[in-house]
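Next come two complexes built around chain A: one with chain B, the other with chain C.
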Partner chain A sequence: MEFTINRSAFIKQLTDVQRAISSKTTIPILTGIKVVLTASGLLLTGSDADVSIETFLSVEDEANNLTIESTGEIVLPARFFSEIVKKLPQDTFSLTVTDGYQTEITSGSASFNINGLDANNYPHLPEIDTDDNLIFSGSILKQIISQTVIAVSNQESRPILTGVHFVIENGEFLAVATDSHRLSQRKITLQGANDSKYDVIIPGKSLVELSRMIDDSNPDIEMRISENQVLFILGNTSFYSRLLEGNYPDTSRLIPNESATGIEFSAPKLLSAIERASLLSHESRNNVVKLAINAAEQKVVIYSNSPDVGNVEEALEFSNLSGNDLEISFNPDYMKDALRSFGQTEIKVAFTQPLRPFTLVPTEDTTQFIQLITPVRTF
Partner chain B sequence: MAELNGITIDENLLKRKIIHVDMDAFYASIEEREHPEFIGKPLVIAHDPRKNGGRGVVATANYEARKLGIHSAMAAQEAYEICPKAIFKAPDFTLYKEVSSQLHEIFHEYTEMIEPIAFDEAYLDVTQNKKEIKSAIQVAHLIQREIYQKLHLTCSTGVSYNKFLAKLASDYNKPAGMTLILPGDVIPFLSSLPIGKFRGVGKKTAPKMIDQGIFTGKELLEKSEVELIQQFGKLGYFLYKRVRGVDDRPVEWQRERKSIGSERTYGKLLMTIDEVETQLRYIASLVSETLNKQQKHGKTLVIKVRYQDFTTLTKRLTLDEFIRNDAATIYFYGRQIFDEILGAEKGIRLLGLTMTNLAPIGFENMKLPLFEKKVLNQPL
Partner chain C sequence: MEFTINRSAFIKQLTDVQRAISSKTTIPILTGIKVVLTASGLLLTGSDADVSIETFLSVEDEANNLTIESTGEIVLPARFFSEIVKKLPQDTFSLTVTDGYQTEITSGSASFNINGLDANNYPHLPEIDTDDNLIFSGSILKQIISQTVIAVSNQESRPILTGVHFVIENGEFLAVATDSHRLSQRKITLQGANDSKYDVIIPGKSLVELSRMIDDSNPDIEMRISENQVLFILGNTSFYSRLLEGNYPDTSRLIPNESATGIEFSAPKLLSAIERASLLSHESRNNVVKLAINAAEQKVVIYSNSPDVGNVEEALEFSNLSGNDLEISFNPDYMKDALRSFGQTEIKVAFTQPLRPFTLVPTEDTTQFIQLITPVRTF
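And then the complex of A and B:
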């Protein structure tokens, strides 16, 4: 195997593939990156068994400046290989597999010889044998991920809750995540979904990695789902993730249809106030803030008390307060995560009772995106 | 504000009446009480080294044995070599614990402000006491007499206005003694005190002190505050105050438990994962029971494993939220951490689980009924 390639084009793809490689893997060959050269181009693969990323540098893409002397394949230690390539002196570099798995990397007058591994020992990537695909706009998918992964559980005792539930039905796409203390749900109409029907749970960690790969240059992302794998195709890059097994709990019944008290806030202003209140609550072992709503006086006040440090009280700015008076306590961290997911918008918060979950939705469109938070019961 | 030996302090600190009660050779005295035939003979509380091949250490010894040079933490074998005629009695901690709680019943007749240090030692703040006795000396006498009459055991008491001095005082005249230290006595009393007797000055620090020419409180008094901090850090900061008779620590009678745990030692070593799992399940159920009883929950779970060769490992896992108080959840995480330690092949002689980072269950983050089938189709 022998080729020469443009270094910066190569580094860009290498960086994506490296996202899948974990230094903690128990399978030594997975600390490596698989490099396969065919007549049509160069295929790079990285995997930690849960997530696999494959990217293709075509011989026809002029930016790659790829010249092929002889085809072949090799697995190279990912960490050294990427550090070497990033530090090479010239715009292009050459890679030659010489004796056995010895690999020579040269650029200008610099020359490295590193030990590779037999590519035949690299595990086979999952195969997705379906032509049924769904198309997302990159920016929408990125937004959906960021809005839902915040509610994913990080407790392994309920593995199913560590994923985001994707449901595709009747041309509609729904993503929901919950750690049982809060829930986040996003809905969109999916153009071209037609009669596709899917119900899968994708690990939150995989989605976080995927969203890091989506930049402005990825206008469309293709999603394909098989029995136990999902594949996302971003241009020349394929992102595979395992799916979580099991049935996701029915969350639709958890979202209240009615409310007894409703208020509107500016999300960033409410966020700042909650951040101030949580400065002290974090110090206390009870990470709780209390919200007191007085409809008659049109007053909304937030409190937090941390006996060792002190307490804080702030009257909140709001609009359109209606319904019953209410006092409710909650974990400010859940509230902060939820508010950040709304960005710079106006939101509507709806309460039913002090010990019932409450919801946050954008004022402009109350059906597409909802955050639900359970309160804290104090004794 | 008041001034004491050059340090300005809150005058209320000088008005405190603190008693340190220290039982005399507690375990050994209980054994003598139960076995009058032991009285007058050297008695060592330890497993008999002739019966278990020389393992084990001395828990304590009576005054006859101490005169021969036998002391606690010494290898039982060594004690045997010093005095082959000594009586070796295996410790009976259940009995000692019971006597200790009888002791506390007596303390509670006088005050609720009790800080237990060990089974046989406690600080009492009697500034305000239930019997409304003004003199702390009288309270100390009454406690000593009542302990003797009811439990047939002797104790030594130290009376002063702070814990540091009260403890030194109880040690001053043992056994069955009582010592009072008043603010005016501090300088003469501490000046002659060997440096090793100051709390915090142990085997490591004492030689450094002696290198600096500090043999007793007298030389310690001559050092400036900055000098002591520079050379001994936090300890230096406190010693400057202590040697001047200043100690503002309260008697911590409401001290909360920092952790709740349970451990088991196994005569027959655990050799397989199956055995470990069974035991972890059992220990998790004990921990969860105690947590529930005390209405506490924690965020950090610690597992402790001691192998056949006595190497001991601990591993911990901390979650962002409180770990649910049920045996299955505690077992789940305990089992998960165990995977990170070596296996059971080396033979496990001790296994333990401890929950720390505790907080009272004063609040509960409510949960969505995700896995409850009954409420299906009912809005929350």
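And then the complex of A and C:
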């Protein structure tokens, strides 16, 4: 194998593939990056067995400036190889596999010789044997991921809750996640998905990595689902993730249909007040803030205290308060995550009872996006 | 005590004072910040017993927008107090010490009550009983610190080497640091210091903190030295550090007076090559790179290798090579620190023998700044 390539084009793709590679893997060859050179271009692959990323640098893309002397394949230690390529002195570099798996990397007057591994020992990527695909706008998919992964559980005791539940049916796409203390659900209408029907659970960690790869240069993303794998295609890059096995709990019955107290807030202003209150709650053993709603006096106050440090109270700005008076306590960190997911919008909060979950939705569109938080018993 | 003040002006000063406060202190009251309000303004003090920082917000400075209701003093938990003030909703805030040491902090509709401590229990700051002062340009002092602290030892086995040696004599200022493997020395002529004579050792950590406080708004910095303390005055802020006790080793005899091989490099280009070579050396047990100079062939090559990963060699660009051939091995991290301290300049490197220290100086001014590195024996 011998080729010369543009260094910055190569680094850009290498960085994407490296997202899949974990230094903590127990399979030594997976600390490496697989480099396969064919007559049509260069294929880079990285994997941690859960997520695999593959990207292709075509000989036809002039930006790659790819010159092929001879084809072949090799596995190179990912971290070193990447550090070396990033520090090379010139705009292009050459890579030659010499005796055995010895690999020479040259650029200008700098010449590295590193020990590679036999690419035949690299595990095969999963095969996705379906032509049925769904198309997402990159920015919408990124938004959906960021809005739902916040509610994913990081406890391995119920592995199924470490994923986001994707349900596609009747041309509608629904993503929901819950760690059993809170829930986040987002719906969109998916163009051209009328016949598709899927019900899968994708690990939250995979989605976070995928989301980091989505930038403005990925206007559309193709999703293909097989029995135990999902594939996302972003331009020249393929992102594979395993699916979680099992049945996701029925979350629809968790969301209350009616409310006893309704109130509207500016999401960023409420977020600032919660951030202030959480300074104190973080110093106390149970990390709770209390919200007291007085409908008759049209007054809403937030409280928190820490026996060691002190206490805080703040009257909140709000609008359209209606219904019953209420005192409710909750974990402010769940509230902060939820409020951040709304951005700079007005939100509507609906309560039923002090110990029943309450919901947050955008005031402008109350059906497509919902955050639910379970209160904390403080007595 | 009761006052109202502009929040951003207060935060700026608070941030400086907090640099002195360590969460690791064993003296509980030093986790606090001392706030003293007199008729003329507000004095903030933080200390970790080694470094103390004091800053004054004058009632006369309109930017402070300071309104005094009643004077007094209190010690407040530094981390919380700072987090609270940073998150308050309005441009100003009020602080009132109520019953005992309870302190109320209000801004808009947010109200915090935190537990303070008796300011009488806060340690007294050192007194510097001298009018003799030296004036530094802020940018020059910052440069001198950055150039010398790199060679300070971080081993407590020889505490004296954890400081920078400041010598002022005959209107000349000399700063030198060494960890016994390398040395960095900078000289400047100090205006108006003809009569002053000092020989002190300032902890490297103190100088790093001081240097972080120096920005473009501090054109001149006043330095006062007493028996066991040094005081730097930056505008309204006073920075105190203890001095290290003992005699600094005589470093002047370490610097060779002659050389057997001389060569010039571009500092940033040599730095890049050393960074490449150190990718491999960092993976090997002894972290060494080898430089081979061949005067007859006018060729200079750098080598490094790691048995596990591979090896690198690179022919270097240079100029004005003269003298004997040489093979010399050294720690590339020392070389990187030294080269970074020169910035974008040409440097002259002078060698005597493979196991004797070599020196780096700027080509343009070979006497004011010198870096010395001791080679490593590899056979």
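The working rule: the second predicted complex is superposed on the first by the 379 of 379 C-alpha atoms of A that agree within 3 Å, B and C clash if a C-alpha of one lies under 4 Å from a C-alpha of the other, contacts with A are read in each partner's own complex, and residues count from 1 in each chain.
The definition used in the following text is that a contact is a pair of C-beta atoms (placed from the backbone, for glycine too) under 8 Å apart; a residue touches a chain by one contact, two chains touch by 3 or more.
This structure is a prediction, so every number in the text was calculated from the model and none was measured.
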**OP:** Have a look at where A:P249 lands relative to chain B and chain C in the superposition and call it first, second, both or neither.
**Re:** first
**OP:** Once the structures are superposed on A, label A:R356 by its partner contacts, choosing first (chain B), second (chain C), both or neither.
**Re:** first
Original post:
Regarding the shared-chain residue A:S217, is it in contact with chain B (first), chain C (second), both, or neither?
Top reply: neither
**OP:** Mind working out whether A:T378 is in touch with chain B, chain C, both or neither, as first, second, both or neither?
**Re:** first
**OP:** Check the residue A:D308 against both partner chains and state whether it touches chain B (first), chain C (second), both, or neither.
**Re:** second
Original post:
After superposition on the shared chain, which partner residues are touched by A:S23: those of chain B (first), chain C (second), both, or neither?
Top reply: neither
Original post:
Intersection of chain A residues contacting chain B with those contacting chain C?
Top reply: none
**OP:** Can you check the complex and tell me which residues of chain A touch chain B?
**Re:** 154-157, 161, 178, 180-181, 183, 249-251, 253-257, 285-286, 288, 329, 331, 355-357, 372, 374-379
Original post:
In the complex of these two chains, what residues of chain C are touching chain A?
Top reply: 77, 80, 83-84, 87-89, 102-103, 109-115, 272-273, 275-276, 279-280, 283, 308-317
Original post:
Can you name the residues of chain B that touch chain A in the complex?
Top reply: 319-321, 329, 332-333, 336, 359, 361-371, 375-380
